[in-house]
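Two complexes follow with chain A in common, the first pairing it with chain B and the second with chain C.
Now for the complex of A and B:
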């Protein structure tokens, strides 16, 4: 009995998340009137505790190796939880709107359930758990995307998301079935020993990468991204672009590195190509965008390409850089989306770049936060994005991908160009006639707290070396 | 606490002070106090450095310190200075000090302007004290990005275009630089990022061949290496006065310094392979920049192309690889930094009064604003290399040193490059004659006044430095020459 209890308690990350989910669900059920602040405070407080509960100092295996929790995955879970907390903090203004206030509880519960799916996906030691986690992370996401029921775009985005998600899951499942057919097992621990480098296995690998490519929106599997990002409520877009993408990236890295070592030559070439194409096309498309949410969609596509460089490195340094990159990307991107969402809520629903013209004159602090976050995304020191880019480039370079790193580096110039376009709009361009921002925006406390935390993260996470060094140690301790 | 770290700490404190400042006088107070402290620090450092050397200190770098930062990648916060970096720190401190006075009346958003300006100077100081590749690169980029906003918001003319062009081209350079730095780090066995330690290790020749041009071009973009110089005229012409000063005066020197300290020092075999190619490019820079300056009609464009020519001369002299020519290169960095800052300051002051920089619309300014006009003449004379001013000392050393190289190709390049002296005289004397002398035809200009006290502080400071370097160059050249020695001897093994 004692053994059983301790085994179950090893699931503390998932269990604590389920507790949060149930408590929020019940609180929503017995809430007297919608639109109050209570529920958001509750969920944020619970998430704050949950972030710390994820961490575990040692490796645990459960259910005969179907579930594996390592210190590295536990810290990735914490990063994702913290990112979710930031998204919840900044979604206050949207959830208070009369038409969405009634669904505030649903928003939290559904988001948390997708997060739970990602947790299982990250800790999977068996492709079945992996797949269940993946589906749990994607199907509720469609509800989130379609949450703005009255906006046609939102519903359209929901439909697009669920269709493309189904398609990618089908590809992935087909890959898994080929894998099972050739090896007779789906356990991560057993697969490396029995996996040959034959044609069918290669096909399985390619299908698997294609499936994950959809989730991470790598080119050429990115076609759903821009429409869904534009149509979804801005808070959901933020969640989709950082948490969902980060989880998929780490999961991809874990699987290709530990399940397919026999096919390293194959997956590394495929991923190298995907990475270069994704970064380049994402950047080139981003230059053309005027809507900020579409713009951020393409920016996040190119960022996914950079994340793949960490997978490509295939070393502990690569894993650590990957997780570090994701963490930095979470804070910077959430900050950008929080600003976009604030401007959207206070500026009559506008999300085009012209809406930001002359923002500095009326909202210097908001502009500064946005600038720092964009600089971080563009990889400008001393902000954290510079460090994460440097480490991920260094890891890929160490693995011998000199040309790929060089192409990625050249792409940072393009990305800097379009990030600077936004900076230019805010600082240099004069506001259009009849602009909504004659006066400063008073954003809610949650948004301000979220922005403060993100800015702190952007400024401090890179300069303090302890975070990366610990990640490096944990990545070094991975059992496979 | 290491004295060198103060060069980064003081600007950071200045930024905090600026952040807290409420009124214009507080902003100015913080800037004057901070830049004075920096100037005093730099002077004290020079005195202390010369004292230590005179006392027999023979290490390559003095005031060294190293703190581990990112252990997995061996990244340290490592600082240290030799004669070259001491001189560069002094130059930067002088320009920041005078730049503060040159932008005394800048409007609007004075506080924000000085915040970005100070961030830029943090990057510059940090770069010159660093001996770690990573921190060097980091400070290099810190110095680049404020330029975008400084030019974009406070600039003039086609400022948005110029700001974007400048930022993207320099960032393009830093992309080359980063790949080069990774190449050096992993080529040297991934044991250390410290420049001094890597210099003792050997990077495989095939890696040097690939990564030498990457690093040299990366820094060369900032040093206005032909054909990557095109950001410079547009950027300088559009930037506000103090930013032009700091950029042409100091930031472009980062390029030459980096080429010498990183590319050439660490990859001598790469230099042996690529040296001639780059020598041709720098010769083109020198001559082409000078010819371009002749045909310009905008005062800032004239000076910007003149900077291309003179900064080309820095890289040119470095590539000659003799001890005298490399000493001359550093002297040229110092001399050009001072006189170009003086030029840009004066152009800014004249433009602030006449609202035009077009040579064709200006004349007879000598009678209207004698102080500024005399300053302009002095800057011009220094630029064309009149003995007694800094330009002469620098260019003389450069050309004498270059001619020491006995190879026919190198001598031919030297002879071609010396023609730039004549062309410089053409464009300087033409402009001086056109805008300062003769009679003033514009009645509006007759009402203008001469320099105010803050402008006089900036101009006098710079004129004193230019003349000081010209009259008493030995204390600089001795210190520089001793520090150039270890790098040049490293090069001579392979070349």
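Now for the complex of A and C:
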């Protein structure tokens, strides 16, 4: 019994998250009046404590191998928690609006429950747990997307998300059942020994990758992305584009390397193809977009393609660069979305690129933050994005994927073009007639804190070597 | 000595505070933040110097090399990694003292000089940034850290030269300074890469076997690094940026373009001195010849300039030439056997920093009083500005090499080292020293004696500067008076052993006589209201005068080389290639991108049925790919 208790306690990342969730839920229930900032401060403080408590990476295997935690997944969880904290910080302006204030508590609780699902997905040692985690992360997400349910776009996005999600889950389950049918087990630890490289297993692999590709929005499983990103409230879009995507990428990397070593050649080819197609198509679509949220959707699609390069490398260095890439992507993308959301909330709900015209004249600091974040996404040194791209390219190159890396590099030129279009709009274009920004925007304290943290991350994370040195070390300690 | 980290932390912190929040502060608060942090840096530097030199010497008689910090920043291989740290040895500690002293004085001085200027806070922020970079440069534990801070110094110099960014000349000057030094730094970088490749390390003391294997390449590496040093230290023909850099605020010229940054090249050669001596003595002698020619060239130009800051700028170039010569004439490490020049060079660096900063700050007071840089606006100022006058005179005497001021002692050691190398070099440098005395006293008489510009002075009576400006003058003048008596050889020598400075009576006497004759000549020509001799000479040799005044057409030569040869022969074809081939490829990429974007657009129809069809197609294609 005692043993069992200590085993449960060592799920501390998940347990602490549940505690946060329950406390926030109760606080929301017994809150006297909606609209105050007490709840936001509470949830941010609790998340901060949660992040700090779970910083220490450890190795655990519980419930007969159903739950596996490695230092590496611990770090990824910390990155995701910290990213969620950033999203909460920047969502203040949106949750304060009169029509959404009443749903503020729900936003936090549902977001945290999806995060909990991702944690289980990351630490799964068995496909059952994996699937439960995946669904825990998906179904509440549809509620989040449809949070502004009175807005037609938001409701439509929610419907689209849940339908596509069901479809992809069904196919994923089909793949898992094929896997169980051919091997008789769903334990990650047992599968590599019994897995043959036959046709059914290959089909299972493709279905699994398609399911994860849906979460990561890899082409051609990406089509929901743009509609959902545009329709969802901006805070949710930020969460969807970084946290959900990052978790799925790491989970994909863990499973293909851990469970499918027998099919390495197959998944490498599939992922290489998906990566190139995703980067290219994401870029091509992004070029034409005028709505910033839609634009960021395609940008995040092409970023997902870069992330896949880390999986493709199939080495500890690849895993480390993947986690590093996700971390950098989180800070840069959250910063961009925070700026978009600020402009949206203060500019009469506009999210098109023309709304950013001449932003520099009235809001130089906001513009600078946006510029740095976009530079980082584009991979311009010395910002963190350059280093993360460099590591992930280097890892894939060392694994022998020269052509793929070359095509990815070529694509960075295109991505630079459309990122700089935004920069150009902000600095050079003259504001449209009747622009909402005659005066500087006074954003809330939470948004400013979030932007400051993100900017710090964008500027410093790449240059401070201790951060990624540690990541590389933990990736080397992975059990496979 | 863990506290040495403060020397770097404090200025960078004050830079961040001033840069991020400076605009919300009043001028006084911003200035005080910068100055107080520099005051603390100065105290820590002095403490470091005291603690370092009070340490007992090692068994072999040298001071230990300390490395209180050294973080591995970017590892490439086990041996080759870029570190960031702090290195303490006699020359870096000496540089800490020089930089913090001059910088502190400039911070105080700027209170008065920059009073009421727009961008006062920005100015102090840049000063902090510069001080941080310069300190980081001298304490670098490896050549790459030195390079990083070297570039940072260049950036802050660029920012400060262009401080008056509404003035087109200032912008042009800042660009020129940045481009010329960056161009030279290309050599530095290539040198570093060669060094790293063959030595397998970026530290200053490679392993013995690597040295043996790479000995052939070392002269090249060091020579290329010296190109960077020559750019920063304004050696001929890369000196063209320094006179223009005088467009910056005068205290900046004192700090960056007289005392600290421009001696970075000298410091770089001194830092690599053991390698030069052992593996590349010929390269070292090239340094000497470049230095000697630069010293002569700059001295002759300085004789005819009429802008007082330009005179001082050329004088700086000339004096840095002296330091380079002193290093270059070394033939061994021990001070008694050919290594005297090392000590002399560092000694001159130290004394020169003090009296040249003093001269620039004095010039700042004068410019402040008459609102012009031209000598024609001056004359007869000694009545109006007694403190500036006396301190300026002390500095002039020091740079001319008149005992007992500091310049005499350091210059004498340089000349001794030159005579030991070859009598020709010794005599050449003695003549240049005489020219130095001549043009400095020409400047002195032109400012403080001679014809007074009565019309100008009646409209706006010149007055002595406030105490914030005269106080640094007095401090630096006091240092200039006593610095010559510092037993410098006990602290800094080529081989690290203690060395008693003794004056070579022949050399000392010769240089004194030359200096006195030159000063007498300058007095004869320039002290009176009218200057018939000077005018007559200018008329007698109009071509020479014009050429010297135009700096021997070096700027025009550079313009010719860049505009006519490089732009036309290299850049135009490259531009064509760029415009048609590179841009063509990019334009094709853009066109292809846009065209194919239009093509794939329908895929995003918004209809979820279509989405699922694509999803299924994807799975089918991938499955077929794997099955076939």
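Operating definition for what follows: the second predicted complex is superposed on the first by the 476 of 480 C-alpha atoms of A that agree within 3 Å, B and C clash if a C-alpha of one lies under 4 Å from a C-alpha of the other, contacts with A are read in each partner's own complex, and residues count from 1 in each chain.
By our rule, a residue touches a chain if its C-beta (ideal position, glycine included) is under 8 Å from a C-beta of that chain, and two chains touch if they have at least 3 such contacts.
Owing to the predicted nature of the structure, the values given are computational and were not obtained by experimental measurement.
**Q** What is the contact status of A:382 with respect to chain B (first) and chain C (second): first, second, both, or neither?
**A** Only chain B; A:382 stays clear of chain C.
**Q** Based on the superposed arrangement, let me know which partner A:390 touches: chain B (first), chain C (second), both, or neither?
**A** The answer is first: A:390 touches chain B but not chain C.
**Q** State whether A:270 touches chain B only (first), chain C only (second), both chains, or neither.
**A** A:270: touches chain C, not chain B.
**Q** Let me test your reading of the model: by the given contact rule, A:224 touches which partner, first (chain B), second (chain C), both or neither?
**A** Touch partner of A:224: chain C, not chain B.
**Q** Counting only touches as set out at the top, which of chain B and chain C does A:420 meet: first, second, both, neither?
**A** Only chain B; A:420 stays clear of chain C.
**Q** Considering only the touch criterion stated at the top, classify A:202 as touching first (chain B), second (chain C), both, or neither.
**A** It touches chain C, and chain B stays clear.
**Q** Give one of first, second, both or neither to describe whether A:402 is in contact with chain B, with chain C, with both, or with none.
**A** A:402 contacts chain B only, not chain C.
**Q** Going by the contact rule set out at the top, does A:258 touch chain B (first), chain C (second), both, or neither?
**A** The answer is neither, since A:258 touches no partner chain.
**Q** What residues on chain A does chain C touch that chain B touches too?
**A** In the superposed arrangement, which is not itself an observed complex, chain A uses residues 410, 413, 417, 465 for both chain B and chain C.
**Q** Quick check on the complex: what are the chain C residues that touch chain A?
**A** Going by the criterion above, the answer is residues 72-74, 586, 589-590, 593-594, 596-598, 600-601, 603-604, 606, 608, 610-612, 614-615, 617-619, 622-623, 625-627.
**Q** Which chain A residues qualify as touching chain B in the complex?
**A** Those in contact with chain B are residues 317, 320, 375, 380-382, 386, 390-391, 393-394, 397-398, 402, 405-406, 409-410, 412-413, 416-417, 420, 423-424, 427-428, 465, 468-469, 472.
**Q** What part of chain B is in contact with chain A in the complex they form?
**A** 69-73, 75, 134, 138-139, 141-142, 145, 148-149, 152-153, 159-160, 164, 167-168, 171-172, 175-176, 178-179, 182-183, 185-186, 190, 210
**Q** Per the contact definition, I'd like the list of chain A residues that touch chain C in the complex.
**A** Per the stated touch rule, the residues are 160, 163-164, 167-168, 171, 199, 202-203, 205-207, 209-210, 213-214, 219-221, 223-224, 226-227, 266, 269-270, 273-274, 281, 283-285, 287-288, 410, 413-414, 417, 465.
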